[in-house]
Amino acid sequence: MSDRNESDRLQQESTFQRLIRRPEAGSFAVMVVVLVLIAFASNGNAMNALGIKNNLSIISQFGIIATGAALLMIAGEFDLSIGSMIGFAGMSMAMMLKWGLPFGLGEATPFSAFFITLAMTLSLGWLIGTIVVRSGLSSFIVSLGFLFGLRGVTEVTFRLINQSTQISGLQDFKETSFFARLFGGESFGWFYDLAFALGFNLNRRGEQWVTGLDARVVWWMLVVLIAYIILSRTQIGNWIYATGDNKESARANGVPVNRVKVGLFMTTALCATIFAACQVFDTNTADAAKGNLKELEAIAIAVVGGILMTGGFGSVIGVAFGAVTFGLVANAVFYIPWIDGSFYRVFVGAVLLAAVFANERIRKRITGGI
Amino acid sequence: MAEPYVRLENIVKRFGPFTALNGVNLDVHSGEVHALLGDNGAGKSTLIKVMSGVHAPSEGTIYVEGKPTVFNSPRDATVAGIGTVYQDLAINPLMSVTRNFFMGRELYKGPRGLGIMKMGEMNEIAHDEMLKIGIDISDPTQAVGTMSGGQRQTLAIARAIHFGAKVLILDEPTSALGQKQQMGVLKTIKKVRKRGDIAVIFITHNEIHSQLVADRYTFLALGQVIGAGKKDELEHNEIRRLMAGGAEMRDLEQELADI
Amino acid sequence: ERYVMITHTQGTDPFWPVVEKGGRDAAAAIGAEFEYNFAASGDMSDMAKLIEAATATQPDGIIVSLPDADALGGAIKSAADSGIPIVTINSGLESSKTVGALMHVGQPERLAGTSAGERAKAEGVTKGLCLNQEAFNTALVDRCSGYFDALGADLNQIDVSNDVAQIKTRTAAAIQADPSIDGVLAVGPHVCEAAAEAIEEVGADVHLSCFDMTPGVINLIKDGKVQYTIDQQQRLQGYIPVIVLHLYNTNAGMLPGANVPSGPGFVDASNAAAVESQAGVNR
Amino acid sequence: MSDRNESDRLQQESTFQRLIRRPEAGSFAVMVVVLVLIAFASNGNAMNALGIKNNLSIISQFGIIATGAALLMIAGEFDLSIGSMIGFAGMSMAMMLKWGLPFGLGEATPFSAFFITLAMTLSLGWLIGTIVVRSGLSSFIVSLGFLFGLRGVTEVTFRLINQSTQISGLQDFKETSFFARLFGGESFGWFYDLAFALGFNLNRRGEQWVTGLDARVVWWMLVVLIAYIILSRTQIGNWIYATGDNKESARANGVPVNRVKVGLFMTTALCATIFAACQVFDTNTADAAKGNLKELEAIAIAVVGGILMTGGFGSVIGVAFGAVTFGLVANAVFYIPWIDGSFYRVFVGAVLLAAVFANERIRKRITGGI
Amino acid sequence: MAEPYVRLENIVKRFGPFTALNGVNLDVHSGEVHALLGDNGAGKSTLIKVMSGVHAPSEGTIYVEGKPTVFNSPRDATVAGIGTVYQDLAINPLMSVTRNFFMGRELYKGPRGLGIMKMGEMNEIAHDEMLKIGIDISDPTQAVGTMSGGQRQTLAIARAIHFGAKVLILDEPTSALGQKQQMGVLKTIKKVRKRGDIAVIFITHNEIHSQLVADRYTFLALGQVIGAGKKDELEHNEIRRLMAGGAEMRDLEQELADI
């Protein structure tokens, strides 16, 4: 009997079994179901030339902030200030473009407005992170403080300097500035040109319909790619997992837990700033409500994408699937004429629960039910 | 007597109103196994947490190679050559064996932090190192949470040994292990000792284990040192008495037999 | 003298800062203190509590918008009963007297919506769509309802959210889903700007009318992408009540003999250039 | 040496030291600071006859839901659906009072409208709780699903049945129904009558100013009292602490962990329903925005009141102090004329962070830094 | 032979693809101490978790007093008279000693659940019961999180004993204890055994401890029973061999001495 071996207790698994045990499997399945349902229910409208552009626009917005939120959640922390950070960043950029740089430093360019804002948001991210790691307080509550506080600061600044909660009618910086086009311009124009040449992509008047995807699609793909490589391949990736799984043991083994966390709070701030920049340079407006509720949506997407609420587990690719699911649900009901638009919150709730159940099954299989 | 590698002088540690350590002295010499013994709550774990940078001492000084040193974090202690296997194992249940093994000290090419990890090589080393102290894991990408308590302990020990520290601290490393693995660990301790350049601090409640490997003893009770010395300076019965915090062991065993 | 203004907004609608500025300018002119507040949750009960809190500070007058007379009536009435003069503004013309206010300055939202709808119908709109950025804000829903009253159709409204990207994509989706839509009403200026882009994207010929003004909206009107926008001249809703209350307090109850309608005014291609410099600040 | 005794290691403490080590100490200190600041800055306006009534009204609203949220948090779970639950309950009651009971069962009375609504909200609470304990999913995410879903259902129902997101113009049930007065009426009238008789409580015209406190003040006191007794004195109280501290060990010792949690989700639903009933019967209206954002405020108050985010620690009395602090801050901008109303959120953020730091110090002292 | 109080028949437990128990039989008799021995990862903890209702078995049956029984929760097992002290102690760090002691079984007057707890009485009992097995806590309202590992273990044991079950399961109760406390626990086990109406299941890796108190042995390895029997039926060396999962203990010790 004692010649039985430890590995005898482990069954061999097929490739398919291995595949459905990947962390992304649950979010992938949910995404496919939602995609198919919506494609049918909208008579294909959701997937025509404009539909793709618009859906991708929303999906990338969600995707950008959800990726940041997801990395932070894997490290075991939350950031509820994402939405307010977006509002703050948008306000800051638009304010500089309209009223000039602070301290009378003269006119702002898109370039200077973006980088001064980024410096501020990164500092705020650093501050939140530092408070969290220094005090040992729950990040939920610290960032809740910043959710209220930052939104308040945004509003107060709008009111005091601008006399209005909205800035609009800025010149279209996309025309003059390459930098503004990077965020607010278009991408993949060749794809739509090609489609037009082939006889697709015609609008109601028979002209070329869509000229390209929003630039934020490229940003999303960049963010996902970088986050994916960092998380799964690099040393920092291992530190992120270690920090979220068991902070004390990670610290005892020399993982710079605090720096990892602070860095990730700065990453969510960076993602929020990219989000805001894409909107500001696209529409040349900003208002005090920008980013409202986005923090909860970002967390919801991360969870739909298979991130574990308690940290230590999850994949960036799953979050990308989650963003697709969530973006479609938030936008595509409006393609379905026989459904009242007010149902969309109901759908969001339902999909969230469904996805979370699917992910949980997968996770249990991988980690042996811990 | 040679200069001790680490010397603790008059360490006091208070938690709020509670005094866990009340002026403890300890010398740790390279090439020796130093058994740290004492009753529950005597302050053993607290003492080694001070030594490995987890707690800052309320009073007292730590000397490393004769120089007064302050550890602000466990990392500082690691850099100073102090490797620790904690009683509440420093293991991450959701991560794979390999990722746990190399946590914080990954093999990578490229810049620190953003360097790409060499997963294949790391898998091999983790598997081999654990095999060396007697546990054969079938799949190093398996999550540690699915392993038994003893298997986890082995991982923690294999890791500390692999990243060979100058001082290896083992807090009750054998308490959760089976007999075969217990012997494996003791064997490893002796092997480490034989290298001559590493000091081992070994906390245990098992008298036999301490006698099998220790060169030097320190006995704690209620936060104070109640006895210390080299193995050959102490009598067997004295050791037993001190281990029980001063009570007469023989009496206890007799009592037991009488029931 | 100290005057308090409380309005129903979630703090993000660019309409109200103009009202606030009107009030501040008037207060500055007469040398009075002026405070402005709103309930960020959009919940009417919260707003009622704000009115009560204001009453407790015993100001010399309260200016309050009245989107829900039942929810706010009690608080306003008890303020009036305690001797504080009150002027209602914006919506709530019908109930202004019953809650104990001296007078009303403003224009009912529903009526404004109706006049937008009447003009749209005259300009050939047959099937409408209303874009609402705060679906729970009854004042905005009233604008939509009025529009459809005039068109003689059922309310067809979507919640476009306050996120500019979503406003655009949801509008495009809805127009795409129902090609028969030929008239769109945007009940806020930032919605108006995003809707104009969405309509252009879809490539449809859609009549777009809006509420309120910003520089962006004026530009769109000049470009012919927006037919007209309803201007409530809301600055008056802030300015007049302060002056009225001042005169009432200092001249033994002097009071105009009737309510003051502040609007509606239409801004279209004919007068857009003239109001441009004022848009978003004073108008 | 071995005759030293275990108890020698523990210093004796004075009564004052014991007092500042109570879990309520932090929230009490913060409350006192805020009270004094506001009393000064408002020239006493915040504490005149109407000021007291109004502040207490806001405070009790916050207090009612925060107490429910706090009990649940002590048991280690969150409920983000509180705000949507308030909206749903308000909608349901007003809808029945206006359109009659469902299934054509005839006219509704305040009594039947309340209890049918309560049956529904309790069932929803039960459902959320059951999903959480059965699936083992994070309650954050499950209740986030309900935050979206319930708000959506409320909105859809309003639109489909009522054609408007607001119901108003109901008759004043307080005049005819004792039951409606229980929620929407006044209390402590004798106190204000007495004050009037003594020459206080006069309005500008010299008449009696305030006739009584809102009924919800009594509800708040009731809720706090009951919650206090249950938590600190009864068996269930011990179960709640045990559940939040270490669920597995509580379960292994025979604590009915699941029933405790489900019960507490139903308790938050009950608190939300009381909240909604007080508002509906007070103003005879309801709208779809009712309760918006209240879930985050309830959690924030619980934390200001010294509840530990991770469960297992906290006191009901502390939460009552937290409600006072939060209620005062929410109204403070009025009492301090030189501050703009948009500063409200900035204050909330600041007080939240300050309180949380104070509480953390206390907690560390009590639990020896765990 | 008398009817066993609890009998496990052919218990199989799988975790996903992993078979932790592969057809285990076990008889537990009142008035006996049954030592459950085996290597790390053999499945001991899993087996007792099945017995105390934490895990449902994948296959096999549990008989209590001869009747097939299904435990849906630990509560069911407690009601059936099975009291367990887990290896990963079932202790709540933020709660006081007393509240931990009586957790789930508070003394109260009034209806169950809403009854008011008798704190004074409970404080006294908790203090006394812990004193009986040798730990004197100065303040029963102190949070358990501030106590040492061994103190916590004592609390858990005192609690299980106080709520006197018919079967008392102790999963490595001595592994974290000092020698004095170890003897205290063994003494308590013997005391419990002497009452004659309680069965004790005792998991340990310490050979001496098992020989001091056990009447009957079961040896597990890789999820299967590799040997079982009464103390007097088994030879000393056979026990040592089986404890090490089949390896020769003597060889191991020799190896150790050689280094």
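Read from first to last, the chains carry the letters A, B, C, D and E; within each, the first residue is number 1.
Following the convention adopted for this analysis, a residue touches a chain if its C-beta (ideal position, glycine included) is under 8 Å from a C-beta of that chain, and two chains touch if they have at least 3 such contacts.
Computed from a predicted model, the values in this text were never measured in an experiment.
Chains that touch both subunit A and subunit C are the following: D.
Among the pairs A-B and C-D, the greater number of C-beta contacts is found at C-D.
Ranked by how far their CA centres sit from the centre of subunit B, the chains are topped by C.
In terms of the distance between Cα centroids, subunit E is separated most widely from C. Rounded to a whole number, the gap between the C-alpha centres of subunit B and subunit D is 49 angstrom.
A straight line joining the Cα centres of subunit A and subunit D is 32 Å long.
Our note on geometry: subunit C versus subunit E, Cα centroid distance of 72 Å, whole angstroms.
Along subunit B, residues 15, 18, 41, 146, 245 each make contact with two or more other chains. Multi-chain contact residues of subunit A, defined as those touching 2 or more other chains: 5-6, 10, 155, 159, 342, 344, 368. Residue positions 11, 135, 159 of subunit C are each in touch with at least two other chains. On subunit A, the positions that touch subunit D within their shared complex are 131, 135-138, 140-142, 144-153, 155-156, 159-160, 296, 299-300, 303, 309-310, 340, 342-350, 352-353, 356-357, 360. In the complex of the two chains, the subunit D residues touching subunit E come out as 5-7, 10, 230, 233-239, 241-242, 245-246, 248-256, 308, 312-313, 366-368, 370.
Residues 15, 18, 38-42, 45, 87, 135, 146-151, 153-154, 172, 175-183, 186-187, 190-191, 194, 205-208, 212, 240, 243-245, 247, 249, 252-253, 255-256, 259 of subunit B touch subunit E in their complex. Remark: subunit D residues 42, 45-46, 48-51, 53-55, 57-58, 61, 155, 163-166, 168-170, 203-205, 207, 209, 279, 282-285, 287-294, 331, 333-335, 337, 340-342, 344-345 touch subunit C in the complex. In the complex of the two chains, the subunit B residues touching subunit A come out as 52, 54, 73-75, 78, 84, 86, 89-95, 99, 102-106, 108, 110, 112-117, 136-139, 143, 145-146, 159.
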